Amino acid sequence: MLESLLEFLIQGLVLGGLYALFAVGLSLIFGVLDVINVAHGEFFAIGGYLAFAAVVLLHLPGAVGVLGAAVGTFLLGLCVYPLLIAPLKRRLGGRPQGPLYLVLTLGLSTFLQSSLLAIAGGDYLRVPPQVSGILDLGVTAVSHQRLLVLAAAAVLLTALFAFLRFHPEGLAVRAVALNSDAAQAMGINLPRIFALTLALGVALAGVGGALMAPLFNVYPAVGFPLTIKAFAITILGGMGNPAGALVASFLVSIAESLSVMVIPSQWQNLIAFAVMIVMLLVRPRGLFGRAVSR
Amino acid sequence: MTTRARVTLAAVGGAALLPVLLPHPFVLTIATQAVIWALLAASWDLLSGYTGQISFGHAGFFALGAYAAAAATKHADVSPWLGLLVGATIAAAVGLLTGFPALRLRGHYLALVTLGLAEIIRLVAQNWLALTGGAFGIHDFRSFPGLPDGALAHRQAMYLVVVAVVVGSVAVMYQVCERTSAGQAFRAIREDEVLAQTLGIDTTRYKLLAFALSSGFAGLAGGLYAYYVQLVSPVVASAATTSLVIGMVVFGGLGTLWGPVLGALLLYGLYEGLRFVGVVYNLVAVGFVIMVFVIFFPRGLAGLGRSA
Amino acid sequence: MLELEDVRGGYGKLEILQSASLRVPDGAIVGIIGPNGAGKSTLLKTAFGYLAPWAGRIALDGQPIAGRRPDEIMRRGVGYLAQAGGLFAEMTVHDNLVLGGYTVSRAEKRRAIEDVYARFPFFRDRRRQLAGALSGGEQRLLAIARALIVRPRLLLLDEPSAALAPRFIDLIYATLVALNRDGLAMLIVEQNVEAILAVAHRVFVLDLGRNAFDGTPAELRGSDRIRRLYLGEDDEA
């Protein structure tokens, strides 16, 4: 019994790394731009495709594939604010219309996913693992690839939080999230910070996509289930609170993993949504978020 | 109703007769489904366009109606005519229930809760084998009795049935939204809910009404879909369905009811037409349309040519 | 230094400013007073770029700045102090000051913050406290100190005395006068007419989005009409 518990705990921990890469970026984007990026999963998919292109088509080493995915999704992400969000903001003139931005990113999601389908076809593409081998922990075995995801999550997210905490630009990002008017009065260039934050957030997802490609395979809709789950996670942690999203990622992943002991595995995914709905009804600001006025 | 709306409806009415006058099986197929989508789009507009409660879970109500109707006919031998009613009622009931918690949520929180609900419905559809047949869904149930037998004649008759039901439904919705005090309440809630309350409008009652009507008609569309396609699978509850509906409404014009009908017919026609031509870009076009219209043409087709 | 000419503007479709004009000469303190809803804050926000003017001319040192972003205007030597909520309440006192120095070099920033701590030792003591935990007057002072880090030439202040205890009002205005003596120009929107009349070189009266009167404080006090309409019925000048 304890062995099972430990086994599921470890599996949950490893899964949490992936969720964290995804949800922290999503929460950061919401915190700074006030926009829920429905297209987040498509950047995950694009990361996978870039890794595929680098490793399978161009025969470059796996590490280059991951780097390429990061850079590629970052650059693509830089385009989203100026091309899509800024024009909508100009038209709305500063009136907060959350659902319209949701519709916009929903359109982007549809556009990107079906573009991937059109360009690359719907086949499940196979990408070789960046690292091979299995770590035997006694109670359970974890593939090195999964551990790589967890390690990458740990490194990247530590770097991100350090950036937000200590670097002047990171301070500026936090300032914009707290009070964008005051941030402007400090000389902070809002459009630049918005574009940068969005690019950073989706690049995290892109790296996740490249690292998970060997495990999930690569296909246009691979990111979408994660997106919806990430909504649930970020709401649990408090939308706009990246640290909360980090904690919530592991809470959800471990809960999902442990739940297999009591409910059939197909119902695992339900947990995240059930939690989200309960959260939204009982305490919309999540575990760690600020009070929601609306 | 504006002249523009009258003209559009006349044109649509004329186009609706086309498949009857020039029966081509492929045209009939596209036309029938397009009309079903028109009902779905109009029902979403009632809740999200008119009343401003933007829901991302419409696919869920569509699926509820489809599954309920199919299951009723298959397992309880309910006549499809009644099955439509069953589907609509069950969807409306769930919609009403959704309305209660939704009362307290605004903006993106409401959208996310409805999205979560639709996902739960999809997961249930996918995994509860006994009830829903799992990934294979429900099939092998009869369609509307009393229709002619020949392949083409059957399709034509089916098309007319669908058109009749949809036209009737949209007419009812239109009547409610434009000619009754409920419709006025819906719009007041959309514009400024706090103000509406201070003016004495029972926002709770009208929001619940909007949810029930919207989901009920979505369920009706689901029943029509079930009896037309003769197969209901978890795919109908997918976010892609919701995405397509939202695209149609944004394209046609939020909050006009006839705009979404037009938007659905055109967008679905475009979508299927492109697919027929062999283009894989059909859904790309939909995504593109959503983005461009949300940014530049917020009033959709209904607002083109009219100053803001 | 700052010139607004025939400015029209507002929020969304709501027109607040119909035709507002004023001038802030180099090194002067200029006040804006007027009834509620006259558009005083709106005018300040429009001057700083939070709102784009619909018509009219706004120039800084002769250069047109209408339609520029607030951060662009800030970099030309203009500081803005909001009426409320100008600080980052969930950040520490120190971090607020660091953000004040966002546009200057690290060395300059460190030196300037040290200056602030030297002048206001109680900020040094509280530097790890959240800015939102300070009292109203302390927050106002912190906002001013923060704005000074980049050595602006012009400060825009929106009701600096609002909701403050009298001794803090005196302290704030004494500070402002001292800063002005060093050459800092100011445009101050005020409801507290007495406070601004005591220090301003020139005062503009705004009513219903347009200019109603302007002159020196003495001229304002000298006019019975102005006294009755905008200064209250008090005859003790």
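The first chain written gets the first letter, and so on, giving A, B and C; residue counts start at 1 in each chain.
Everything below uses one rule, namely that contacts are C-beta pairs under 8 Å (C-beta built on N, C-alpha and C of every residue); 3 or more make two chains touch, one makes a residue touch a chain.
Predicted, not measured: the structure shown is a model, and the values here were computed from it.
Separation of chain B from chain C in touch steps, taking the shortest path, is 2.
The count of contacting C-beta pairs peaks for the chain pair A-B. The greatest centre-to-centre gap from chain C, using C-alpha centroids, is found for B. The geometric centre of chain B is 54 Å away from that of chain C, both derived from CA atoms. A straight line joining the Cα centres of chain A and chain C is 42 Å long.
Computed from the mean C-alpha positions, the centre of chain A lies at a distance of 31 Å from the centre of chain B. Against chain C, in their complex, chain A makes its touches with residues 93-95, 168, 171-172, 174-175, 178-179, 181-190. Chain A meets chain B in the complex at residues 36, 84, 87-88, 91, 96, 98-100, 102-104, 106-115, 117-118, 224, 228, 231-232, 235, 264, 266-267, 269-270, 273-274, 276-277, 280-281, 284, 292, 294.
The part of chain B that touches chain A in the complex is made up of residues 48, 54, 56, 101, 104-113, 115-117, 119-120, 123, 126-127, 239-240, 243, 246-247, 250, 280-284, 286-291, 294-296, 298. Residues of chain C that touch chain A in their complex: 12, 48-50, 69-71, 74-75, 79-80, 82, 85-91, 95, 98-100, 102-103, 147, 150.
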